[in-house]
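These notes open a run of structures that come right after.
Same chain, two partners: subunit A is paired with subunit B first, then with subunit C.
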Partner chain A sequence: MSSALLYALAGVSLFTLGLYALIVHAHLLRKILAINVMGSGVFLVLVALGGRTTGAEPDPVPHAMVITGIVVAISATALALALVLRVQAATGRAELPEEPLE
Partner chain B sequence: MSAAGRSRHSPAFRWGLLLLLLTVAGGLGYALLTLPDQAVGLSEQVSANMATSGVQNPVTAVLINFRGYDTLLEMAVLLVALLGVWSLGSAEVHRRIDPQPVLSLLVGGLAPLMILMAGYLLWVGANAPGGAFQAGSVLAAAGILLLLSSKRFPVRLMGWPLRIGLLLGLGTFTAVGMTLLFVSGGFLQYPSNLAGALILFIEAAATLSIGVTLAALFLGGRPQAGPYR
Partner chain C sequence: MRQIPWEVMLIMLPLTGAMACFFWPRRAITLGLITALGVVVCVAGLGWRVLEQGAQRYAVGGWNAPLGIDLYADGLSLLMLMVTAVVGLGISVYSIGYFERRQAAHFWPLWLFLWTALNALFLSADIFNLYVTLELLGLAAVALVALAGGANALTAAMRYLLVSLLASLCYLLGVALLYHNFGSVDIAILAQRVELSPAVWAAMGLMSAGLLLKSALFPLHFWLPPAHASAPAPVSALLSALVVKASFYILLRLWLEIFPPAGAAPGQLFGVLGSAAVLWGGIQALRQTRLKLLIAYSTVAQLGYLFLAFPLASSVAWKGSLYLLLSHALAKAAMFMAAGNILRFCGHDRIVGLDRVAQRLPVTMTAFALAGVSIIGLPPSGGFIGKWMLLEAALRAGQWWWVIILILGGLLAGAYVFKVIGYAFTRAGVLRQTSRVPMTMEWAALAMALAALLLGLVALWPLSLMEIGLPFGGGDAG
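Up next, the complex of A and B:
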């Protein structure tokens, strides 16, 4: 098993862990953290698979895409956190209601 | 996980969840294991065109030159996210705390060093790992450190200077791209003798904008125009 494959499989594990937490936890902050863990798994897979080149140098394109992805993930997280604060201010709880709002 | 969180889900739900997660992990793992050892990537095209890119670091070349569109639109994503945060309300006025002398001294020493570090990362990005995003993150970290230790940014910086800082990266990137569209006939197609200078110029503006945007995102709302109480 090559090291690139090992890292990629670790990325899949991270993604699955994040998916578990996203489904199980109701608190919105935990959901945001879970999505970030899932994103980290995807980035790990991308970077690892970029190493499967014929030459010595890894493929720079997935690396550039991961940098792009990290920044998008940060900004999405910040927006999500601001939305959670608004939900908390409006309903008093940082959870989505079980039944639809009136 | 708390006991309350555990009891919320029925056993059937938990077995179903386990099945779902095993299917996802198994499917993704199988897909990875059946991939060929050598990928037909774009690394050969990148290394064949490095001479015309104006920089020596292939990641920077891909980011700003070969796939410049991605990075341009990513700057727009950052800005849109900030607009979203600002539209949700204004930043809370935090109670003024008196920072301990150790914190004051540490932040006072660290912030200039971090700004220097950001400048170094920006410069070294042309031929080694580094670049606008890394430099911008360090700059944002310096700004967040200053905000946390209740160092005040002057109120007059919170109006137009802040907004110009936010727009500088996207504005410079678009302006260079549009200029090149009219001069050399292709959006963001740098002439190879000017590419290095143009990339550094764009990255410098982008670093400042990324730093300011991330620090502003940390505030969690539109900064209030009035003086802090």
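Up next, the complex of A and C:
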């Protein structure tokens, strides 16, 4: 097994782990962290497979994609954190209610 | 003579407008309206060129596909841009009366960012660019839902954001797999190179799952009703009319160009889920006691119809589905605007409490009823043409069971639309305190509803636009 494939599989495991955490944890901060872990997993897959496609010289395109992806992830996390603060201020809890409020 | 790059202007103009509105909040409404008119002009300019010269491909900065970013406009993109421009203009006018000055300063930058994302999405020629625009769209949409404030809107926005991020990441993982296998993210290049392998199946599964979640196909629709019902009325109109259609558009593109070798089985699954959405959404809409929730569940049902084209996979079916998409965008914008007017007028949106709204807000109720005609799919309306084409495609393919869904869905839609209209005509003993609704809000709603009807009368023109660049394959090989 090549090291690139190993990294890619690690990326997929991170993605799955994040997905699991996103579903089981109720606290919104944990959910946001879970999404970030999933994102890192995808970035790891992109970089690892980029190293494999062209042999000796790594392919720069996936790296450009990862940089774009990181920018997107940071903005999304910032928005999510701001929303968590507002949700906590409005409902008193940093969790989503099970049933929609009336 | 150098040609004007309408494609780039369609993205740069709303982006610049959004930033201008952000920096000069006092002038937000004026700046926003000028931008909205400018975007309409750009769409017209691009439309003219596409009509004259056929599908357009534009390499941004002169860098071609493998290295640079390409923008691509064919009949399908053009129609999406056009419906966005028409609904966008209507919502811009509507929002003048809806928001007070302080809220307008928040609404305009976000709405123009959303418009930027939509235009960029419909012009993207590669799957990675689609990911970026999808995220921009999601972030702007979430912020707009949160604009209403209050616990309901904030929790709905939070849930929407989490769902949206999860869906985008699934899509991005699919992009990574496709890029790794075929060395390109350009849709046209991928279409030539794609061969079925386990990695492609995985990519297809991940991308479809993400996009279905964003398009709120049953049973992944759980986030939609609260988000669409708790947002301010112009935002609900935007979300239901345009935002959910964007992810459907990506799915349609992928399905038409990259994944045709996958065969019929996934298409059948989409059809079954779409049918379930039509029935479940209709029944839920009928059970709602609040007008905005009823309309939101109606969106769930109407989105289901769009997916009935996947099992049929013929040119007529795709065009019918696209036609339904266009007319639903106009009709649903009209419905949410009308609901916003009623909410402003009565101070609530409980359906049983709509005492004599029909007499006191005649323009709004006309808009609601006309939009209802298109949602139910009665002639002459855009909804009728779309359903008729789907019906024809189903009969031609010998898959008659989809026809039953089309008819049942129409009956359910009729039931929930008439439920609202019926209560609007009832005579209540005590007239409650009401507040005035600005004229612009009433007429904007009516204009959208009339546009949805008009789509049923001028069907040939949009249908001939769909042929440009042959996004649905050649001819009518049913």
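Keep in mind that, in the parts below, the second predicted complex is superposed on the first by the 100 of 102 C-alpha atoms of A that agree within 3 Å, B and C clash if a C-alpha of one lies under 4 Å from a C-alpha of the other, contacts with A are read in each partner's own complex, and residues count from 1 in each chain.
Just so it is clear, contacts are C-beta pairs under 8 Å (C-beta built on N, C-alpha and C of every residue); 3 or more make two chains touch, one makes a residue touch a chain.
Please read all numbers here as calculations on a predicted model, not as lab measurements.
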After lining up the shared chain so the two structures overlap, which partner does A:P58 touch, if you call subunit B first and subunit C second: first, second, both or neither? first
Looking at the overlay, does A:V84 come into contact with subunit B only (first), subunit C only (second), both, or neither? second
Contact-wise, after the overlay, does A:S75 reach subunit B, subunit C, both or neither (first, second, both, neither)? both
Tell me the contact category for A:L49 with respect to subunit B and subunit C: first, second, both or neither. both
Which partner does A:I67 contact after superposing on A: first (subunit B), second (subunit C), both, neither? first
Given the touch rule stated above, what does A:T16 touch, subunit B (first), subunit C (second), both, or neither? first
A:L96 in the overlay: touching subunit B, subunit C, both, or neither? Say first, second, both or neither. second
Would you please give the residues of subunit A that touch subunit B in one complex and also touch subunit C in the other complex? 12, 15, 19, 45, 49-50, 52-53, 61-62, 65, 68, 72, 75-76, 79, 83, 86
So in the complex, which bits of subunit B are touching subunit A? 1, 5, 8-9, 17, 21, 24-25, 28-29, 32-33, 35-39, 41-44, 46-47, 58-59, 61-63, 67, 70-71, 74, 77-78, 80-82, 84-85, 88-89, 131, 133, 210, 213-214, 217-218, 220-221
Could you pull out which subunit C residues touch subunit A in their complex? 128, 132, 135, 138-139, 142-143, 146, 149-152, 154-159, 161-162, 165-166, 169, 172-173, 175-177, 179-180, 183, 185, 226
Write out the stretch or stretches of subunit A touching subunit B in their complex. 2, 5, 8-9, 12-13, 15-16, 19-20, 23-26, 45, 49-50, 52-55, 57-65, 67-68, 70-72, 74-76, 78-79, 81-83, 85-86
So, in the complex, the side of subunit A touching subunit C is made of residues 12, 15, 19, 22, 28, 31, 35, 38-39, 41-42, 45-46, 49-50, 52-53, 61-62, 65, 68-69, 72, 75-76, 79-80, 83-84, 86-87, 90-91, 96-97, 100-101
